[in-house]
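So that you can tell them apart, the chains are marked A, B, C and D in the order they are listed, and the count of residues begins at 1 in each.
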Amino acid sequence: MKAFEKRVRIISNRDLKHGRFILSFRDKQIAGAASPGQFLMVKASSGLFPLLRRPFSIHNCSGKNGRIDVLYEVKGPGSRLLSQYPPGRVLEVVGPLGNGFSLPEKGRGVILVAGGMGAAPLFFLASRLAAERSKRRVYALLGACGKNRLCRPAEFSAAGCSVKLSTDDGSCGSAGYVSGLLDSFLNSPGIIPSAYVIYACGPRPMLQATAFVAGKFGVQGYCSLEAHMACGIGACMGCVIPVRSEEGREAYKRVCQDGPVFPLQEPDWGKM
Amino acid sequence: MGEDVVMSRIRTEVRIGRMVLRTPVTVASGTFGYASEFSGFFDLRVLGAVTTKTVTLRPRKGNVPPRTCETPAGMLNSVGLENPGIEVFLKEKMPFLAGHKVPVIVSIASESDNREFIELARRLDHCREAAAIELNISCPNIRHTTARPGTALIAQDAGATYRLVRAVRAVTKKPIITKLSPNVTDIVSIAAAAEEAGSDAVALINTITGMSIDASSRKPRIGAVIGGLSGPAIRPVAVRMVWEVSRKVSIPVIGMGGICDTDSALEFLLAGASAVAVGTGNFLKPSLADEIVKGIREYMRANRFGSVSMLRKGMKYAR
Amino acid sequence: MGEDVVMSRIRTEVRIGRMVLRTPVTVASGTFGYASEFSGFFDLRVLGAVTTKTVTLRPRKGNVPPRTCETPAGMLNSVGLENPGIEVFLKEKMPFLAGHKVPVIVSIASESDNREFIELARRLDHCREAAAIELNISCPNIRHTTARPGTALIAQDAGATYRLVRAVRAVTKKPIITKLSPNVTDIVSIAAAAEEAGSDAVALINTITGMSIDASSRKPRIGAVIGGLSGPAIRPVAVRMVWEVSRKVSIPVIGMGGICDTDSALEFLLAGASAVAVGTGNFLKPSLADEIVKGIREYMRANRFGSVSMLRKGMKYAR
Amino acid sequence: MKAFEKRVRIISNRDLKHGRFILSFRDKQIAGAASPGQFLMVKASSGLFPLLRRPFSIHNCSGKNGRIDVLYEVKGPGSRLLSQYPPGRVLEVVGPLGNGFSLPEKGRGVILVAGGMGAAPLFFLASRLAAERSKRRVYALLGACGKNRLCRPAEFSAAGCSVKLSTDDGSCGSAGYVSGLLDSFLNSPGIIPSAYVIYACGPRPMLQATAFVAGKFGVQGYCSLEAHMACGIGACMGCVIPVRSEEGREAYKRVCQDGPVFPLQEPDWGKM
């Protein structure tokens, strides 16, 4: 796992509306090393404010031409500044960082479960799966609080996923949480849960619910977690989450270095 | 060639006890992991020394998350000295650390009383790879019992500092660096106690105790409620303390606190430090220490300073 | 109308001794001049009180310039208590201050020993326009002689603090606010000494002693070499100290240090302060105090806090 | 002296090359109250960095349509950020602040003496003088270290000034300091020094030399000074300079409130 500290030039920084943007740059070394689920530490700051870099998942990445996309939402000062960066501006990035998703065995079906912006890293995974020779079924279950917050359904569809949507307010797709959608999906006739592996990303309660549903059906899966990160490279011990080891012992693991991808059953959800 | 001649006149090395740092730049304990995290970003051999995350006798789980949050030009942390313990450290971390021909300063702390410090120092005294021992008596994230009432840290009490340094001095010939806390009325008296007890150097500052509250959730921003403030925000406090201490003690001072570029590193050397440590700055830019090593050398050349100790003498001020 | 009803249930006033502040917002001494500088930017009557620049017995010329410089998310100042002296203050500044139906807190300091404080307090005790007296025993820009060795400020010594407050208490019935210094090992013990001696409130924090050096000129950035650090950079330290003090003393705490918006003012009220003071923030935005008064009221309404004291009880945290 | 705290919209922010920019906005209240020599405190910051507002002179101002120009040079983080602000962006300004130049009596000749960017506030004065009914001679002595640093000679000329230039390196106009140019000007045949009043702005050593020359010829004059300002409104006592009162007593005065314009002989130049 080799990470690079780079100054790259922004190719484009497109406003997707509803406070979301997609930023692209090219860097062959980062792109060449990146795998789905990994992230970048981006300096979104003018001088000392905000101080720390901000972590953003790799949304898509082409190993061939080195193009990397970051899909992000304006949340606070860092992401707001980022959204104002014009094409051509230099961006300081460190990456790729963290452990990405373990790719599924040949032939195994895939269920992507995204809550809101959780779709960001899952799209890179969807693209990689689409590029595989051996085909497999890939479902993308995308949830959000409302219609406007649903994240890139058309793109997931174009990447070969069967897309299913849910919104908390019922404004699009089935009404309720995406974990509920997963539950009914796994319950649907003709679906053999054990033939699938789940990849989930989103807010912690949504991941906890997903882990619960996966457990219920005995489906293996992974989730990508977020935590406040100061360094992003495993040095500060700041981004830990409580995990339960196989023997049941409590411990902390770093989201940036031991994650951000964890088996769904590893985080100690009750303690988070 | 002309440049090479000039270069060769610039001596960037500094001594701390028997230890020689080739450049006046090290890293602050706890901000550089065990060095492997950074070895991909620059050649570690440019550093004068590597300082490890603080190690305790037993493995330590550390504090409850969230452990970090951002504050204006700074950050709070309440890591709570999570570390694998001296045993695992020596077996799993030291070999990598020792593989770079850079002196390794091992930072140690006790979870209870002085005996743990002594035990740790004894072990390290036998460890060829440890170039020096840093006594972390100033971590705001653990509480000690040996200081007098009203003070939670050894480094808040000159007497307790003296006794500890003295006790460690008795069990090791390795250079001892005492890491001081800024959370004191008079840091000079603590530094003087460390010097008198035989410390080879003092390192300052550790973090300033701080707290931040999220008004919307009405919760402290870090799980442990109170943590340590670091980063550029605290630099004026750190520079002032280095200035005060280095004019009163004669052992070398390692200055740190908010170094984020060459100019801020130079502030410390001008204020009287013999060397500097890059801390939170490592998070802002993984190759920062490398940039600063080059920057200091460049500054020394441009301003005709032949050695690091000339910098403090180059300071201009009235009174 | 519905809104008015809700409004009327929100009680923003707080008491400090006999003094009633209509809103929990005042200004930090030395950052608001003598109020006239700000009266064009907002209606001063929204403030709970106005706190004056510290006044001394005799006029004071103050320190040599440059007196201010910027630091990361903060600033250093070494104004050195420049002021026209109590005589001129009462004659030329007080009439304007008193003309706004807002309580005036007069900050005082001594250039030598306690007798000057007592003399000043005596004069103010006769001055109807002075609602309260703030004892600035924590200005890092002047040095006192009454504290014990190793400490330069009264506020760095619990005994000296106790004696001073006690002495001033004896000569005035006006509410006394004791302004504390963050440059101490244990601020709680100083606050407790002030309380025990009869102070009606404590105000914290004054500036943290700091220093900044310009590497290119190799000179300190302020003429007095060392100054006081203020602004958002120090807020985590201030919030932590307010938290510690307000859990140990039962007199009201006026919290300040780096308040630059409503959320940062709320941090202090949640941490336990009864009121807040806007300091360096006044420079960033002259109408900031006004904005914060509105913001706090808005927050109290949105979160159904009927009184300011409910805020601290609304804090959620483990342990 | 009424000052306003305003959010204004940038009309233009033009690059004049060599690190100089001219920014314009409209605000009838500020423009209506402004007089030459006054300044603004401008928030040139994204959030908390840099923290303090930056003082900039009013370079020109039309009371009628409310347009205000600020001429500035990129020096550090604040001015750099300012130079990146696009037209249409909101700018937070406080002003007009300080005491401007006392306007000359009717008929009296005027000598403007500018060192580098010191020309910024003097241009507003030149414009005001040009708009007067009763005409008078206005000389603009503009100095700089080199040709590229000379500040707006054509504009001073267009405003009716007789322009004379000097550069330290002799690359344009007479070689040497602008105070030397003033000296030879006051020495020229036909010039009666006492019929003139001097208005000077520039670096402190240049102002000190100007004060010396003015004293030598017994010419009355004013200078506009700079100092590090935290508040800009007289509240912090930070921006003081040593002055000598008429009785020779030493004191400090605030540049922001008691200045920035001082009689040339008031600052205690030896102590600065």
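What we mean here is this: a residue touches a chain if its C-beta (ideal position, glycine included) is under 8 Å from a C-beta of that chain, and two chains touch if they have at least 3 such contacts.
The structure displayed is predicted, hence computed values, not measured ones.
Participant: Spelling it out: a chain qualifies if it touches chain B and also touches chain D; which chains qualify?
Facilitator: Touching chain B and chain D alike, sorted by label: A, C.
Participant: Matching residue numbers in more than half of the contact pairs is the bar here; say which of C-D, A-C or B-D clears it relative to A-B.
Facilitator: Answer for the repeat of A-B: C-D.
Participant: Counting only Cα atoms for the centres, state how far chain C is from chain D in Å.
Facilitator: Using C-alpha averages as centres, the distance is 36 Å.
Participant: Report, in whole Å, the distance between the mean C-alpha point of chain B and the mean C-alpha point of chain C.
Facilitator: Distance between chain centres: 34 Å.
Participant: Using the average of all C-alpha atoms in each chain as its centre, how far is it in Å between chain A and chain D?
Facilitator: The computed centroid separation for chain A versus chain D comes out at 55 Å.
Participant: Which parts of chain A, given as residue numbers and ranges, touch two or more other chains?
Facilitator: In chain A, residues 48-50 touch at least two other chains, as defined above.
Participant: Going by the contact rule already set, what residues in chain B reach two or more other chains?
Facilitator: As it turns out, chain B has residues touching two or more other chains at 72-74, 231-232.
Participant: Sort the chain contact graph into one of these: line, ring, star, complete or other.
Facilitator: Graph shape, chains as nodes and touching pairs as edges: complete.
Participant: Mind pulling up the chain B residues that touch chain C in the complex?
Facilitator: My answer: residues 64, 71-74, 76, 150-151, 156, 183-186, 188-189, 208-213, 215-220, 223, 225-226, 229, 231-237, 239-240, 243, 258, 262-263, 266-267, 270-271, 299, 314-319.
Participant: Note which residues of chain A are touching chain C in the complex, please.
Facilitator: Where chain A meets chain C, its residues are 48-49.
Participant: Under the stated contact criterion, what part of chain C meets chain D in this complex?
Facilitator: 30-33, 37-38, 40-41, 53, 61-62, 65-70, 72-75, 77, 79, 82, 231-232, 260, 280, 282-287
Participant: Within their complex, state which residues of chain A touch chain D.
Facilitator: The touching residues are 46-50, 77, 81.
Participant: Spell out the residues on chain C that touch chain A in their complex, using ranges where they run on.
Facilitator: These residues of chain C touch chain A: 72-73.
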